[in-house]
Structure formats: structure tokens, C-alpha cells
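Here is the structure we will look at.
Read from first to last, the chains carry the letters A, B, C and D; within each, the first residue is number 1.
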Amino acid sequence: MLSTLIWFPIAGALAIGFLPSLPVQRTKLLALVVSGITLVWALWVTAQFDFTNPALQFQENLPWLDALGLDYQLGIDGLSLPLLVLGNFLTWIAIYSSSETTDRPRLFYPLVLFASGAVTGAFLAQNLLLFFLFYEIELVPFYLLISVWGGEKRSYAAIKFLLYTALSGALILIAFLGLVWLTGATHFGYDTLVGQTLPMGTQIILLGLLLVGFGIKIPLVPLHTWLPDTYVAASTPVAMLLGGVLAKLGTYGIFRFGLGLFPEAWANLAPALATWGTVSVLYGAIVAIAQKDIKRMVAYSSIGHMGYVLLGGAAMTSLSLVGSVSQMVAHGLILALLFHLVGVVETKVGTRELDVLNGLMNPIRGLPLISALLVLGSMASAGIPGLVGFVAEFLIFQGSYAVFPLQTLLCVVGTGLTAVYFVILLNRTCFGKLDNAIAYFPKVEWRDRVPALILMALIVFLGVQPNWLVHWSESTATHLIAAISTAGDPLVATTAVPPQSPPTISH
Amino acid sequence: MTQTISPPSQTLPPSTHEFAEIIHRLEAGGSMLPDTPENLMQIIGIYKAYAVPMDFYWRDLLYIAERVFLNPLPAFKYFLPQEYLDLPNHYAGDGADLRVWRGRATAHPELLEFMEKGEMNRRMPKLLHHLWHDRINMEFAEECMRSMLWHGRDMGWGKFDAYLDSEEYKTNADRAIRAYFKGNPAMLGLYALFPEMFLEQVREMSYYSNLGLFWEVMAPVFFEMSDRYDEGSMTTVPEAMDFLVNGIFAIAGRPIYHHVYVGDECYEIIPKSKGFTWLYEAALPYVEAVFYRTSPFRGTKSYNAQAKQVPDDQKDFHYGILYADVFPVGTAGIPPTLLMQDMLHFLPPYLVDYYKQRCRGEDDMLIQLGITFQRSMYNVTSAVIQALRTALLYPLDDPNPRHLMANRRFFEAQLDRFKRPEARLRDVQRQEYR
Amino acid sequence: MIVGARHAVPLPANYSIQPTLNHTPMPDIVDIAVGADNFKTLVTAVQAAGLVETLKSPGPFTVFAPTDEAFAKLPAGTIQTLVQNIPQLTRILTYHVVAGKLTQAELAKLGVVTSIEGSPIPIDTTEGFEVKNATVVAAEYRSGQLA
Amino acid sequence: MVAQFLAQSFWLVPIYPLIGVSFSLLWSPGMIRRTGPRPAGYVNLLMTFFSLLHGLIAFPAVWQQPANYIEIPWLQVAGLDLTLSLEISALTVGATTLITGLNFLAQIYAIGYLEMDWGWSRFFSLLALFEAGMCALVICNSLFFSYILLEILTLGTYLLIGFWLNQSLVVTGARDAFLTKRVGDLFLLMGVLALYPLAGTWNFNELAAWAATAEVSPTVMTLIGLALIAGPMGKCAQFPLHLWLDEAMEGPIPSTILRNSVVVAVGAWVLVKLEPVLALSSVLLNVIIAVGAATAIGGTLISIAQIDVKRSLSYLVSAYMGLIFIAVGTQQLEAALLLILTHAVSQGLLIMGTGSIILNNITQDLTQLGGLWGRRPISGLSYLVGLAGLIALPPLGGFWALLKLADGVWVSHPWVVAILLLVNTLAAFSTVREFGLIFAGSPKQMTVRSPENFWLITLPMTVLVGVNLHLPLILQSLSLLPSWATLNKDMALLLFWSSVAGCSIGAIVYVGQSIPKPIQLPWKKIQEFFAYDLYTPNLYRSSIVFSIDWLSRLTDWFDRYIVDGVVNLVGVAFLVGGETLKYGNSGQGQFYVLTIALGLAAMTIWMSWSFITHLF
């Protein structure tokens, strides 16, 4: 059942790659069908999923290399399910939004599908080594997607991306190997490693390796410098996948393997992690303000938003954890929308420069619908209620405030700064007067609008009716936290907010 | 596209003005708009599309000035009674005073069809068409009228505006007001309290009449031009301009007046015997107030007193169609959109085809036709300038170089008004401006 | 006195910028005009405006009279429209009339004269003889009894 | 029966305008093109009429009844229960009626005022969004949902001020309004977050109950309270968050009617609701009074120094909101609510009257207006009635509200009465000044021709005149006025004389023609200080804007040259030749990928080898 999610797109990729050459539209259609079927399959899995059961479901277990402790172990729970669906959904949207004139479509679409399958594999893998394999394999298609179809400076960006993420993989592998070696286990299965009892010092070192490894992927400041270059160089659909899906692999890994395998070390490091998250939030937002390129601005906004996820994880309340998972989904949707819209603006207007763009809201010669969606998307990113970003951020804040009040309040300041750069972006691009000299943009087609409309509909729907967003991960998160707190760590709060417990700021 | 036109007479050195080329063209009897078949097709097409709503404007303006008058709740002032639809135009039809257009004197058939079916192409009660905004934007005509009223005193054309402040006018207005509100003690009481308020309303009504009488002439002129173009007897832009110049002269002396009908009684607020003429009391003020001045669109300029974006003097207002930026048409706060929308309904097929092939085709037709309209108004303004030159100065073929120099001075002075950066004269020289 | 002029435009007089007319000073005006060949349009206009009596009244007057040729240059319908606006026609015609008997030399010396309509008429003799912006084309016609 | 039913279904009131919004979407760009956008306005007007009717009919059913609460579950997750609680009471129904009523009039006015505009669908949708947001806020019984609604209104403000988006000052105005309000909102959010662990609820009625018995450290409560009042301060344009209202005047008059009368007051409304919590800290109450007093006095002084018609009025709005702050700070809640009501109807009328002048005299510059009384008596009378309703001039509304406030604070804070009298005098002076400059004197260039506007503008104006004139009767019938016996006659006289003083000085200077205009004070510096809003824009530019700009540039530089530089350096040192990273050579890049791919493939085959052999 779960394997289909991995291998069907990969099989589809091979099929498209080796089938006789088709026109671009046909190839795209084929890729859409493959990815659509995968998405439907993922939704079907969701429908079968028992939301009240916190444990792994639909487990698959094939022995593979016993000698290495590597088995083909798959499973899904409330942490990975939303990301799985998000990933497949965004793959479909990304393919849909790809240009009809893509070069070498027989390579492009298979690579996208292949990347999607690999990322899915990573989300599903319940064996550390298997996870690592998928985690590394996904690099190849992404590297190629950036370096072949990217914009200017694409080779620089692609290599930077490659080196960073290769380093990330290396650190993770070291941590995994170290964990198995030190615990004396013989198997990389997640279930066998959970509940290890290494000395705190060792735990912290291993956790540290993981944090840096996944921190690169997320990315967290100061491990982020590959991101702006990569996101900007990548073509729109690839940027949507990078920001919407791949970055989530980092946060997912940090929760699954960091928090999941080293809860005690995590609890010890929690204040530092919360602070780290906060620094990322503020840093990303402040640097975004100074950007002159709208795509780069959106890229920095991504750094800021991933910081909230870390804060929520560090607070280790079930509410904050639910908030973090929701934030991953929310951010994936919003970022994909923003990258798509920025991409449309770039193709129609021919520039991403804030100083050149102006007045796109002009209803006849501008891009009115795209501008309107850009306003809503930016506002969603800035955490305006009624849109999905707010729900996730609010849950994180509400869940974290009692534990880390200062960091939480600083993150609230971060949303204020987010509003600052998005208003700069909107004022320069959408508002104002269209420059007559350049106001002869080509028409916006429905092809350009549909992905944005779908994403927007989801963003609004989940913002107004967040039950559909938060309940995916609720029981897993609650269970995870409960499991940790029974270990007796006093730092960890079990409920969202203990009404009568004295908050840390009193007196 | 534009061939260099040398001065008509070798006796004058070339002009050194910023718009020397255009000045030479004017001296050769041309228009400010370059003479290209594309320009001609565009402007004639838009004249026709303009004339149809204009046929509604003038009728309704006169209806409001003469019948609606001081109705405090004129909710139905845009609902033209049959009487005014049948009102014979003085310059068209068999019974015309002077037959400018060979067509009919009553409302234009395309207008009648539009009023009946609208864009929705459905026969519905008038009220529904009105509420669905499937109608002529009469608000635009009123805005032009208000612009003439507001700039009236300052423009220095004619004696019409000054007459509105004369005792004679006040007496006439008083008679009409009393007659109109006969049997309505409330309004008469209000009138006794605030006579100036009512008088000011009557003045506005006089401008309604003024503009209505002005446009009554222009509609047949434009229809005739369109017919001549269609039958192939108008082939260049200067010909189109000359037709307008001749029209201006022919009609120049037409009386401008304001009559009010209460029941069957006619009250002459501005009697014909005052001898106000079309050219000086309507056409020139109209050109100055609407083509040149108007007021800044609220959607483009800040009215904040401290920002000083609105000039202190009315004479410094340059926001008319010759200066306006057409690109924001369709956005909020851009009044000409109403006119563009009105013309959209009546574009001749050749112009629709032309637009469909350019820019965003049907999607941005409103802006494309707006720019065509701007071109066409530069041609009308050229006609006005040439007419003034004929009236005040010398023939273009005058052998006397001193006279030619005087003509040039005049042209240069006129074109100086387009030196402002926002003037669109430079743009309409280019065909790619669309 | 009537002055024949090359072109005529029926524009009123009260503007800084102004219509043109052409003219010829001369005495007993109506009769002379009727007698001369090239003032037929003018005479018709004067009759339409009911100005015959005025011009026959004790003068003397100087009239800057547009010739038929000048009228003919006007676009078709101009006169027709003017005849429908008698007050304006009157104003235009009286704009062409100056009280007193003025010869070309006297006019040149004056530089500007005031029409009986009330507006000033500039005279320019630096080159030829121009009244306003119209060139005087014909000799002076004088009426015997008034001259 | 019907009334009862409508009272129970009162949650529908914010829904009507949203229905209107969804209809308006039909006239978005690219949708209905061949016909014009005016139906969008009519539909919204109709929906507002329904809301208004709903409120009017339901009112008798809730009058003198206990509040009725409706609970709508929204989100339950991980122990957090967010349930939308609505309070249906005479107060909330009355307040929604005020909002819908004013919006109804503003929309009729807009149909006239914006008859030349093409952006109807956007404009009326946004007015409807405001109506929905404000009505929801008024009946909302939860601090959390109030915060949500305030944020949505902040976004609405951005879009509504940005209505004429081609105009540069509109764009900056919208930006500043959004950011100012957002700053206030986020502080409010901090307060919201911090309050929950203490009180365990966000429902106002429960908060009040909690506050009655709570024992919290005053320091904590002061900090939380400061955060909580920041939201209302932003909304109500209080010092130092007042600048946005000035810039918001770039928007069209009909939206100004709504904004200056009720939108700004939503902040005050939330403040009133929060008063029991705020009262836990006496320091906080004093802060509220101080903010209110500073804004009230400063606002009226700035207002007097303005030459722009709309801005002169907008600073009075800030000033009156300041009075409401004072009322909350002195715990005179009834006076605060009464002040919200009387200010809304009179301020709306003042804006309508001046808007009618601005529309066809083009200029907004008070120095360019004048001599309009004879020809614009309807606008003039509207303005006068609005003026009389705003200041403490018996028997109109403002008098009773200020009297109630003065009466209430006389014992506890006698010095507040002095502030009230001062502000009232200054407000009277300012409004009379504006009246004199517009209507008195002789016509100037731009006022030579000025007919009264047509009925769609004058009709809502006259209706609101009627409302203002009848307000005392309405208050009387709702027994909100003191009886003659309980009337504090000394206070009434004091207030009356302060109004008379302000009006007569204003009239002598600005209606009388003996003093030449414009008036130059001998202390030019002070005059400019007030004319340019206490130089607040410059202050902001040189402090907050400057520092954020500077910080972001610095961080960006740090990011580019230090963080990225170090990383590149490390990369250079350890992994590849510097040239590769710097200039990027795709040949070499692909070589690395190939290496990884081959390595992985080899590893997979090696690992699978035993597996594959195992299979066979």
C-alpha cells in the first residue's frame, strides 16, 4: 500500500523517460496523470488512516540486508501523513504549473516524479538507513533540476545546494551509525532504536550532529546560505518543490529522529533550540526586508517561517507540536503559492526587481487576479487570521508561551517583521501606477491561474476550518509528548497550557 | 510613418520649437496627429463610437436642463422620455437648419437598440437595464458639464458665465423657480430662505443646456465623418480635420440658450436673443475645460492640502484627455472609464477587429480604445487650432512671410501647452502607443 | 465708407483673439453696397439682421465690408447658421462698422478704432493695409452725399 | 414573535454583508466586462439594509432582557478549546444597528460620491467586509476572536485605504495604516497569549468574573495590560500610533465616513470590554488616562493647525477617542459607550457635510475655500448640526455623553474634568474654525461656482441630520439620560460655557472677517509643530523606520559577506577549488553528481546483492 506511493511515480518516471518522444504538452499531461494517481492513492491512504491511533499504521516490512541492519521498513503516522499528502499534492501542482515550453521534457518530468517518489520514501521509511538512502537519492534529481532548468547562476546554485546537502547527509549518517554502534544495536529499525538509554553527553553529541544535518536542510541560520541562491536559481516548479516539500524533510527528520530518538537530550537542549528557532525567525525576516528581488525575499521568508517549527518542537507540548506539523503544511502551501505567483509575475513582466515592478493590480493591463492572490498569499504568510498561516502560528505560540515566553513573544515580533517586508513587496509590485513604457504584458492564461486558485482555496479553507488541518497529527503528537513526559522530565508540560501553573514571567 | 514635412514656404526658416515637426505639419495644413491610414481608421471609428452615446448625452442634457430642472429627487433623470428621443437634431435629417449629417434627425438607431436590449441582449424593463448598469453612463456627460461650470469664470471665454451673475439672469431664473415650485410651499419656503442655493442650481442647469446644445452639433458631425469614411470620400487625417474646421465655422453662430418648460409654459432663462454663440460660449469653453483642464482624477493625485499635488490656480489644471494617462482606465478613481465603456458598445467592426489583433485583444479593449480616443481628440484639437488660426490670423498660403511668421508664433504658442511632461502629444506620434 | 476685405469669418468681437473681416471704408453705405457688385451677401445679411435702418440713419459711418468673395470662402452653412442667430449676426455686422468717416490715412494714424458693436478693431499699416488680420483689397467707396 | 426569532438568529447579521461580497466578486476584473460594476454597489446596499432591518426588528426582543449567549465551536485540539461565543444583548444589538445604519447611509452617499468611479465592486465589498467584521466584533464575546477580527479589519484597512491604488500617497498611507495597526494587533496578541494561562478563558464575561476575584501580581498585570491596550491604541489612532489616520484620509470620503465614525471606535469597544481586566492594575488605568489625555489635547491642537479639511476632522477623531480612553481609564464605561455613539453620528455628519463641499469644489485646502454659506446651506447646516452634536452643546448628544463622563469623574479625578473642558473648548474652536473657513467670507477662485450636490449625497446627509437631532429623544426613550433631579447642573453649565467659549472665539476669528487670514501665530515654530503633526512622521522616519532599514541592510550585508563568505571559504578549503564555487562550472558539477549517483548505485547493488541472491 505505501510502497505504491514510492514506486508508482518512479515507475512513471521511467516510463516517460523511455517512451518515445512526445510533444511537451503530452509529456506534461502524462506526468500529471502519474502524479495525480499517486495523489489520489495518498488521499485514499488518508481515508483509511485511523486518526485516533497514534502508532505507525500500514507498516510494511521486507527483510533486505540483515547484515547491515537495513530492512525495507515503511510505516506512517500522524507526523508523516500530512507531509506525505502535502508532498504529493505539491508535486502535482508543480507539474501543472510548469511551463508548456520546458526544454527536454522527457528528462524534466521524470526527474520531478523521481524526486517526488524519493521524498515520499524518506517520509515513509522506518529504518534509519533506508531513510538515509532516500534522503541522499533525492539529491540527484533536484541537483539536475536546478542545474539544467534553473535561471542565471544555476550551476553555482546547484553545486552549493549539492555540497550543503551532501554534508547534511554525511552528518546524519554519522549520527545514525554512531547511535547504532554506541547502543550496540544490530539493526537500523526505528522501533528498535527508540527508547535508547545512552549517557546524556553522548546523546547530546549525536543529537547535535542530527540538528546540524537537518538544520542545513530546513535550513536554520546560519546554515542557510545555500537556500536563497538555490531557490532563486531554480525554476518555479522546482522552487515550489524545494520550499514546499524538501525543506519539510529537514523538519520532519528533526522531529522523527531528533525528538523521537533523543527525547531527554532534546529536553535538555530545548531552551537553546527555542532560541535558535527564534533567531532564525528574526534573522530571516530582517534580511528579507533588505531584499530587492521578490523571489529572494520569498526565499528568506521561508527561513523565517521554518524557525517557528523549531520553536514549537522545542516547547514539547502537544499543542505546540501539532502547531509545528500544521505550520509545515501551512508553510508548504503558502510558499508554493508565493513561488508560483512570483514565477507568473516574472514570466509575464520579465523582471523580479522590486524597483522596476509597479502597479500590477491594474485591472486591464496588469495582472489583477495574480496580484489579488499575491496579497492574500502574503497576508497568509504574515499570519493574518482567516488564512492557514495564522492557525499554525497561533497554535505554536499558544503551545510554547507557557514554556518559552520570551522566545514566543520574540517570534510574535517576527510575524510583525514578516508583515513589514510583505507590505513592501505588495506596495511595490501590486499597488502604485503601472509604468506605461512596459505595460504590454502578455495575457495571464487560466493555466497560470488554476494552481494558484487551488492553493488559495486550500489556504482559505484550512484557515477558516482548521479542524481539517490540525487533527492529522493530534494523536501522534499527544502520544509522543506523553511518552516523553512519562519519562519524568519536569521541563515538559503535558497539556497545552496548564491554567493554574505559574507562568515563568511572574515575579 | 511620419515623413518629414518641410515648411510650406521656403521663406521661413525651420522652426526650432521642441515640436518643430508637428508645427511644420500644421503649417502645411495638417493635424497634430500624423497622417497615416491606421490613424485615420482609428479616429473615424472612434468618432462614430463616440457619436452614438453623444446622441444620448445631448438629448438627456437638454431634458434635464429643460424639464427635470430643479427636481429635488431626480431619480429618473436618465430615463429619456420619447419626446426627447424624437427631438429632431437641428443638424441632421430632412428638416435640419443646416444638414450636416445625411442621416435621421431623431435618436440614432444603434442607440435605440442598445437602450432597448443592452449588452445583455435581452428586452427588459428600463429600470432593470439601469440597475444592471447596462446603460449609457450619463454621469460622464454631467462631469463634463461640471467641469465647464467650475472652470467657467476663470477661462475668460465668452460672456456666458458672466451673464449668469447678472440681475437679468436672476430675474429670469426667479420666474422659472417660482413657476416650477408653484403649489409646493415647502420648496418655496426653502427658496425664500436660501435663494442663492436655488440660483446656483439654475446656473448649473444653464450649463447642462449649454453642453447639450454643443453636443447636438458634434454628434451629426461625427456621424457624417464616419459615413464619408465608409463610402471612401474621406481618405486622410487632414481631410478629417478640415471637415471639423469647416463644421466649426459653419455652426459657429448657432445660438446658445437655456429654456425651461413648466407644463406647457416656456421660461427663457437665457433667451436666444442674448446672442450667445456656439463657438465662443460652448465649443471653446468645452475644449478648454474638458480637453485641457478638468480636475485631477482622484485615483491618481492626492487632494491632501499639505501635499500640494493639486495646483493652487485653476489655470494650472492640466488633466484633460490631451494630458490624461489612459493606462489606468478601468481602475478605481479614473472617471474617463465611463466614456470608454460607453464607446465600447458602439465600436464599428473594423475597429473591433483591429483591437482584437493587438495587445491583449478583447481583454484590454477599454484601454486600446481610450488611446484611440486620445488620438482622435488631438485631431479635434488640431481642428480647433486651425480654426482659430483662420479666424485670428492668416491663410496658410499667404504669400507674406510676416503673416506666416505670425501663424508660426501662434502654432508655437499653442503647442507650448503640450510641453508639459504629462502631455500625450509625443506619444500619439508613435503608432506603438496603444 | 466701405472697405472690401479678402476673407470674412463671422466671429464675434469681444475676444482678445478674434475673427477677421475685410473691409472698405465708405459712405452711404446701404445704397453704395447695393449698387456695387461684390457686396451681395453682405447686403443680404444686413437685411436679415434688420440693420438697414441703422445704417441709413445719420452717420457718418465707416464700414469694413467683407466682399462676396470673402464670404464665399466660408464653409457652407455658415451664413445660414448665422441668419438663425439674429442677435449674433447683428453683433458681427455692427462689429464691422465704425462711427465717423475715416479715410485710410486717418485709420492708419489711429491704429485702433472702436466699432459700434463696442469692441476695438486694430489697424496695421506696416505692410499694406490690414484691419485686424484682414487685408484691405478694394478701394474706398464713398457716398456722395455723406462724403 | 418575529422579533424573538430574529434575536435568536442574530448571528446572521455579519453574514449578510458577506453574501454581498460574494456577489460583488462577479464584477472582479475579467469577469463581467460588457456592463458596468454598479450592481455590486446596489447588492451590498441591499444586504446592509437587511442587516439594519434585522437589528431594528430584533431590538425590542432584547431590550431589557439578560444577555443571551450563542456558542459556536471552532477548533478543539490538544486540550485547547476555541469556541466562538456570541453575546446577544440590547447593547450589542444596538451597536450593530449603529454600524449597519451608518454603513447604509455611507453606501448611499458612496453611490453618489463615487458615481464617476469604476472600482465599485472592490469598494463596496470592502465596506461590507468592514461591516461584517465590526458587527461580528461587537457581538463577539471572546477576546481571542476579537483579536482575529481586529486583524482582519487591519487587512481590510490596508485594502480600503489602498482603494485608489494608482496614487502614490494612497499606497504609502495604506502601508503605514497596516503596519501601525499590525504593531498594535501583535502586542494585543501577546497580551492574549499571556492572559490565558492566568485566566484560563478568553470570554469577556468570564474574564470579568475572573478579574473580580483574581489575585495577580500587579506588575504582571500591568505588562499584560500594556500589551492589551496597544491594539485599541492602534485602532483608535492614539498617540503615538495616530499617524495612520492622517494618511488614511487619502481614501474616498464615503469610506472616511465609516472609518471616522465607527471603525476607529472598534478599538474603544474592545477596550471597554477589557476594562474589568485592565482595572486589575491601577498603574495601567493611569496609563490609559494619560494616553487618552495626551491624544485628546494634542489631537485638538493639531486639528486647529491643519489646513486640510479632512485632516482637521481626523485629528478630532483621535481626540475624541482619547476622551473615550479617559472614560475607560476612569472606569466610566457607560459614558465611554455613550461617547462612542454620539461621536459616531456627529462625526459621520461632519464628514458628509465637508465631503459634499470637497466633491465639487475640488480643493481640500481650507485656505482656498470660503463664501459658500449662501449657496451650500444644506451642507452648511449638516456641518453645524454635526458640530453641535459633537461638542457639549445641549440638548444634542455630545453634551450628554460628556456630561456623564464629567459627572462620573468629578469625585475621583477632578483634574480630568479640567482636561474635558479644555478639550471641549478646543474641539469647539476647531470645528467652528473649519466652518468659518469653508462657509464664511467671500468666494475664492475655486468656490465661484458651487451648486449643492444631487440627492444621493444630500439625502443621507439630511437623514443623518435627523438622527443627530433626534438622538437625545432616542436616548431619553431608552432612559439613558439623567432626569432633571439627578442632573449635575453645575457641571452642565461648565460644559455649556466651555462650548460657548470655544465657538465664540472660533466665530470671532474665522467667521467674522475682521482678522486677515491665514492666521500666523507669532510663534511660527509652534504653529508648524502642530501643523506637521508634532513632526511625528519625521520622528518615525528617523527612529523606527531608520533603524529597521539600517538593521536589515546590515544583516543582509552580514548574510552575504560573512555567513555566506565563511561558508564559501570553508567549501573552498575543504571540498573544491575556489573557482568551482565562485563561477560554477556545470561540467564539474555534473561530475560530482555522477560520482554520488554512481556511488549510491554501487552501494545499492552491493547491498542488494545478498538480497537478490537470497531470493533465488
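The definition used in the following text is that a residue touches a chain if its C-beta (ideal position, glycine included) is under 8 Å from a C-beta of that chain, and two chains touch if they have at least 3 such contacts.
Quick caveat: nothing in here was measured; it's all calculated off a predicted structure.
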| item | value |
| --- | --- |
| Centre-most chain [mean C-alpha coordinates] | D |
| Gap in Å, rounded to a whole number, between the CA centres of chain D and chain C | 71 |
| Computed distance of Cα centres, chain C from chain B, in Å | 33 |
| Centroid spacing, where centroids are CA-atom means, of chain A and chain C in whole angstrom | 91 |
| Centroid spacing, where centroids are CA-atom means, of chain A and chain B in whole angstrom | 60 |
| Residue list for chain A, restricted to those that touch at least two other chains | 361-364, 433 |
| Per-residue overlap in chain C, given as positions that touch at least 2 other chains | none |
| Per-residue overlap in chain D, given as positions that touch at least 2 other chains | 29-30, 165-168, 170 |
| Touch relationships between chains, expressed as pairs | A-B, A-D, B-C, B-D |
| Residue ranges of chain C in contact with chain B within the complex | 7, 9-12, 14-15, 17-20, 74-78, 80-82, 84-92, 127-128, 133 |
| Touching residues on chain D, where the partner in the complex is chain B | 29-30, 34-39, 42, 115-119, 122-123, 163-170, 249-250, 252, 307-309, 311, 358, 360-368, 374-378, 445-446, 448-452, 454-455, 459, 531-532 |
| Chain A to chain D touching residues, read off their complex | 63-65, 67-68, 70, 133, 136-137, 139-140, 143-144, 147, 153-160, 162-163, 166, 221-222, 224-225, 283, 286-291, 317-319, 321-322, 359, 361-364, 368-369, 372, 375, 379, 382, 384-386, 390-391, 395, 397-399, 401-402, 405, 408-409, 412-413, 415-417, 419-420, 423-424, 427, 430-433, 466-467, 470-471, 474, 477-478, 495-501, 503, 505-507 |
| Footprint of chain A on chain D - complex, ascending | 28-30, 74-80, 147-149, 151-152, 154-155, 158-159, 162, 165-168, 170-172, 174-175, 178-179, 182-183, 186, 189-190, 193-194, 196-198, 200, 216-217, 219-220, 223, 548-549, 551-553, 555-556, 559, 563-564, 567, 571, 575-576, 580-586, 588-590, 592-593, 596-597, 600, 604, 607-608, 610-611 |
| Chain C partner contacts - residues on chain B that touch it in the complex | 97-98, 100, 157-159, 245-247, 249-255, 272-277, 279-280, 388, 390-395, 400, 402, 406 |
